[in-house]
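After this come two complexes, each holding subunit A, first together with subunit B and then together with subunit C.
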Partner chain A sequence: MNAQAMWLNPWISGFSFAESVPQWLLTACGLVLIYCLVIVPSGAVMGYLERKLSADFQARVGPNRAGPAGVLQPVADLLKLLQKQASRDWNWREAIWLLVHTMALYSTVAVIPLGSLLLLVDTDMSAFLPFWSALVLALGTMFLGLSQGSVPGWFGGIRVAAQALAGAFPALIALLCAGIRAGGFRWSEIAAAQSSSPLLWTAAANPFQFIAFFVFVISGLVLLGIPPMDAAFSAPDIHGGVSSHLSGRKLTVFRLGRFYGFLLWSVIAVVLFLGGWELPFGLSTELRNADSPRLLQIFELCWLLSKTFLLVLVVTWIAKVNPRSRVDQVTDFAWRVLSPFSLVALIGASLVAGWGAL
Partner chain B sequence: MMRGSVFSTILGYLRDVLWGIRSVWGSCLTAIPYLFGSGELSKEVTEQYPDPISSKIADDLPPRSRGFLVNDIERCTGCKECERQCPVQCICVEAEPATDDTKIWVSVFDIDFSKCVFCGICAEVCQPASLKHTKNFEGAVYELPELVASFGRGWVTPEQRLKWAKLRQQIEDDRVIL
Partner chain C sequence: MIESLKTDLTQWEIGPYDHSLPGPMLLRLRLDGELIVAGEVETGFLHRGLEKALERQLWRSAIPYADRLDPEGALFGELALCLAVEEIAALAVPPRAQSIRVILSELTRISAHMGYIVRVARAVGSETMVHYVLRDREKILDLFELATGARVSLNFLRFGGVQADVTEGFIERVLEICELLRIRLKEYNDLFTYNHAFIKRTRGIGTIAPELARAFGVTGPNARASGISFDVRKEHPYSGYDFLDFEVPVGRRESQHLGDANHRFLLRLQEISTSVEILKQSAEAITSGPFALRKPEESFEVPRGEAYIRIESSRGLLGCHLVSDGGAYPERIQFRPPSLALLSVLPQLVRGIRIEDLPVVLATLDIGVAEADR
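Moving on, here comes the complex of A and B:
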């Protein structure tokens, strides 16, 4: 696969084993490395930021024991969760959850766009792949809820299914809006249609794209059950729902998967609507001309992740100051507000695109 | 504009969406000062108890609203019907014979408002209509025993009983003389 070679060669050409090791093995190792070096640390950083942010909103102090200002709190939490004794043995249904979750996770890592050189899958339909992966993540979460054999688990599983179905439709339509403007669903096309200037981002292109951006982000919250749309995981009424019986290592995996879904969705939203990885001040072009792909890749990754973090923080901000929505209100909102608005955005975006073509 | 017309429905829908956006945005704005540590920590964010908009004072309550019970002990006959009818046994009545056989001394009339469900049956069955609901509903206290309201006259002392016996004797004597 040519894309693989393009993606990996700048990174591994300095090592002599690159010639003798098969491509699929390098790709698999690359996925694990991306997961361990990008996504897990992002989860730790975002978890810390979220806790500090919500503490500020609620006039509390937040984590302040582990390390200076509590920055080591995620590490401490991880170590604590890893050494906790399992409360129950694995049952085969939970194994299904883990299987589906892991498959969804790693297949999504392969299609997640993390920079102009870090595009493993850049096909005509690549923008749809993370979307369906998010649906598979929701499916795995539903299986987990149903496997608990308890009322909170059943309710959580049903709510996950209802929210995923309700959120999928407007999310898909909003994705189409971005594709219409870019003229395709290739990551490289979508990135090329925008630039570093916020005025040329898809979200700012016209009011319809702006609506589409909002609809995309909010329907992602609905689809993946992220606060404040997390009725499937709510503690007060269904005792944590899907995750009510999880503890220790299982809870770690579950939380990471949940954060991963959120991060994935935010990365896609940034790439589709907020300019993606294009560096400001034409730095991308300069670095490309200077033939320093590693530097370019690192800068692009950091730039993309900082935009993503900003988006995640804004969503967290909204989630922390608004109450959790009831599940029927969430699905109602998705079907009756998000869907019509996404359709309006689609029609408008099509008209604007057609006008431009005339 | 016609009620229920298509346009009014759409307008109402858009107004609802706008209201939702403004509500979310407003709560986000409220939180910003707290993010930078300049939030007013002593400011009351919650609604105050006698909330000026929605809450009622006693005079605003509907005429048949049932607040705390009050017993007019002068009219009470000590028939204990309220005690019998009370579904939660929160009324305790003790009555003794007084000066003559036609009179009753209600020595204990306790209502435990920590048990009372304010059903109003006692006030309904009260023949002399001495037991009534007030409109007072604010009864927060620090100790449970403070919720017991006592309307009784107190136990009859031996001296009192002696006095009554003398009185009765005197009346009897007067009647004989006449």
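Moving on, here comes the complex of A and C:
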């Protein structure tokens, strides 16, 4: 385990486990706990907010039955999906998909940046790892579609692959732009290159970084198939594509993967371009000086997630008022519009960085 | 079992029950990748024997059956039947009843066109537009409820008039709706019609060339979007349409995208404006007087005779052929639904489009499977 995981130790030692329990086991359990306590509930919160806000956009009421103002609707949905019978028997292809999907989901827990102390894997290649996880998610989804033996599943799978490939290139280039400014791909370096003030965020550093930020967010929509770029999961023509034959628990896992992918992408976009977890008014420094790591962790996490939710909401807002693009238009847009822009941003960012180094 | 990558044509059957279809019908597609190479349409899944059922009804009780010809534009079936009976029996409908009929017809047209906008928006995945239009359509259904007591199947027209006089305040509310729709249409345009992504989804697909429209007998807004200026309300006026001053929107012949899906959608929006104009005129010109020739409960007899009348329904030319042998029951009733022509032209339109365009083409054609299968 990386030395960076040591932030967990003060938490774990507080519970005074027996000496015989190995440290790695405690760390792993702590990680799973964080996943369950942070990622999954944030999915429920975002799902609820998305529904309620889109209801407001669309002149309707939205969920209002389960709990006050419908806040328990995500829980009700989850319980319903979990107890539903599978519409088809489990086959070994779906087992492979589930394995790939779960592995991709859990692998991101280790690499997702959630705060200056919540960095498990902070290597030279850290910023690329969630990116690969997103691609692996797409790969698993494609397998799932192809394994269904139905025309909608087949087209859904192929479209997922096409969109992931089309979105990956500009996203990667935009990622390079942020790395060039920070001088590395460690999360800690990328965060240190920015500050809490929006004027010192990477996205505001120069016009090229601003382009890179836009390209990064939009190509993430293409890569993960998020509305309005969700032709791979389009309902009117291919009945949701890959998910057309899923129900119950399989659908739950699938939806969690889709939503989590979106959240992950937004977190990375915030860390790369929108100032990351650095608290405003110098709070981070003061907390660090006061030697209160737990408070620092909690505040940084909340600050980061708030920014992420704002980004998610802006994207959802845009998605709500725009029709779904056709898959050939999506890939065309990614290759012929996003990619050139990302290259321009890369060249510009390199020139700016080189100018600064002179 | 997918052992190797398939490169030959794929066969895909959509239907008979599928939410991308306008109603129960079967589409057999041959696909080359995502392109549709050929398509076949099989219909008849919604055949209810409606024309036969009408022959088993007394004259008066046939009217609610005519409602079921096209549930979305229920009034048009009624109107066609009533006009045919009135022609055989040579009944002169009082002017107030004529105006009420025109008002209800145009309200039905607007509500049907709003349903159309909803289906197009849903086909391209724009949920926000769906909800906005449905909200406003409810107001028109409220008006129906106010006037007739029913929201969808009105059962309001009678031979020689209408069932009852309109409720107090109805005319004022019609004028309010006209004003509201004028504002809303602009909102729809801002939100949806001129959205770049929407235009890209609809432009250049499912094009009906004017010659194709003529060859297959396509009428109504679809034909007008193809540049064919034919509207029964102008060519063979009925119910006093000849006393109203309105312009029928027609697609411009010189337009590069004449008759494509986008054009058809735009034309529906223009038709709503036209209907609003007609509504205003009728509501302002409505005269006082009797609303029917006789009391609804009085029986009457239809003399021996035959009639064929045409009206402009929301989907196009709706014909009604009626034969009476002078008895208590209709001898023969036949309808000429406008959607049948669309179903026959459909295989021509799906050739060469992508499968993602199929729901869009189907939605912009506005096929009423209920009236086509009868």
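Note that the second predicted complex is superposed on the first by the 350 of 358 C-alpha atoms of A that agree within 3 Å, B and C clash if a C-alpha of one lies under 4 Å from a C-alpha of the other, contacts with A are read in each partner's own complex, and residues count from 1 in each chain.
Please note the rule applied: a contact is a pair of C-beta atoms (placed from the backbone, for glycine too) under 8 Å apart; a residue touches a chain by one contact, two chains touch by 3 or more.
Quick caveat, the model's predicted, so the values are computed rather than measured.
Visitor: State whether subunit B and subunit C clash or fit side by side on subunit A once the two structures are superposed.
Guide: Aligned on subunit A, subunit C clashes with subunit B.
Visitor: Is A:Leu301 contacted by the first partner subunit B, the second partner subunit C, both or neither?
Guide: neither
Visitor: Once the shared chain is lined up, is A:Asp56 touching subunit B (first), subunit C (second), both, or neither of them?
Guide: first
Visitor: For A:Pro227 in the superposed arrangement: first (subunit B), second (subunit C), both or neither?
Guide: After superposing on A, A:Pro227 lies in contact with subunit C but is clear of subunit B.
Visitor: By the touch definition at the top of the document, which applies to A:Trp317: first (subunit B), second (subunit C), both, or neither?
Guide: Only subunit B is touched by A:Trp317; subunit C is not.
Visitor: Given the touch rule stated above, what does A:Val45 touch, subunit B (first), subunit C (second), both, or neither?
Guide: neither
Visitor: Please tell me which partner, subunit B or subunit C, touches more residues of subunit A.
Guide: Of subunit B and subunit C, more residues of subunit A lie in contact with C.
Visitor: Looking at the overlay, does A:Val327 come into contact with subunit B only (first), subunit C only (second), both, or neither?
Guide: second
Visitor: For A:Leu146, using the defined touch cut-off, is the partner it touches subunit B, subunit C, both, or neither? Pick first, second, both or neither.
Guide: In the superposed model, A:Leu146 contacts subunit C only, not subunit B.
Visitor: Considering only the touch criterion stated at the top, classify A:Val344 as touching first (subunit B), second (subunit C), both, or neither.
Guide: neither
Visitor: Now for A:Pro236: first (subunit B), second (subunit C), both, or neither, which partner does it touch?
Guide: second
Visitor: Would you mind listing the overlap between the subunit B footprint and the subunit C footprint on subunit A?
Guide: Dual-contact residues (subunit A): 57-59, 320-322.
Visitor: Quick check on the complex: what are the subunit B residues that touch subunit A?
Guide: 17, 20, 24, 27-28, 30-31, 34-35, 37, 39, 41
Visitor: In the complex formed with subunit B, which residues of subunit A make contact?
Guide: By the definition above, subunit A touches subunit B via 53, 56-59, 317-318, 320-322, 337, 341.
Visitor: Quick one: in the complex, what on subunit A touches subunit C?
Guide: Contact set of subunit A toward subunit C: 54, 57-60, 146-147, 149, 151, 154-155, 227-228, 230-231, 234-239, 320-329.
Visitor: Touching subunit A in the complex: which residues of subunit C?
Guide: 1-2, 10, 12, 19-20, 31, 34, 121-128, 130-132, 135, 191-192, 195, 197-198, 200-201, 354-359
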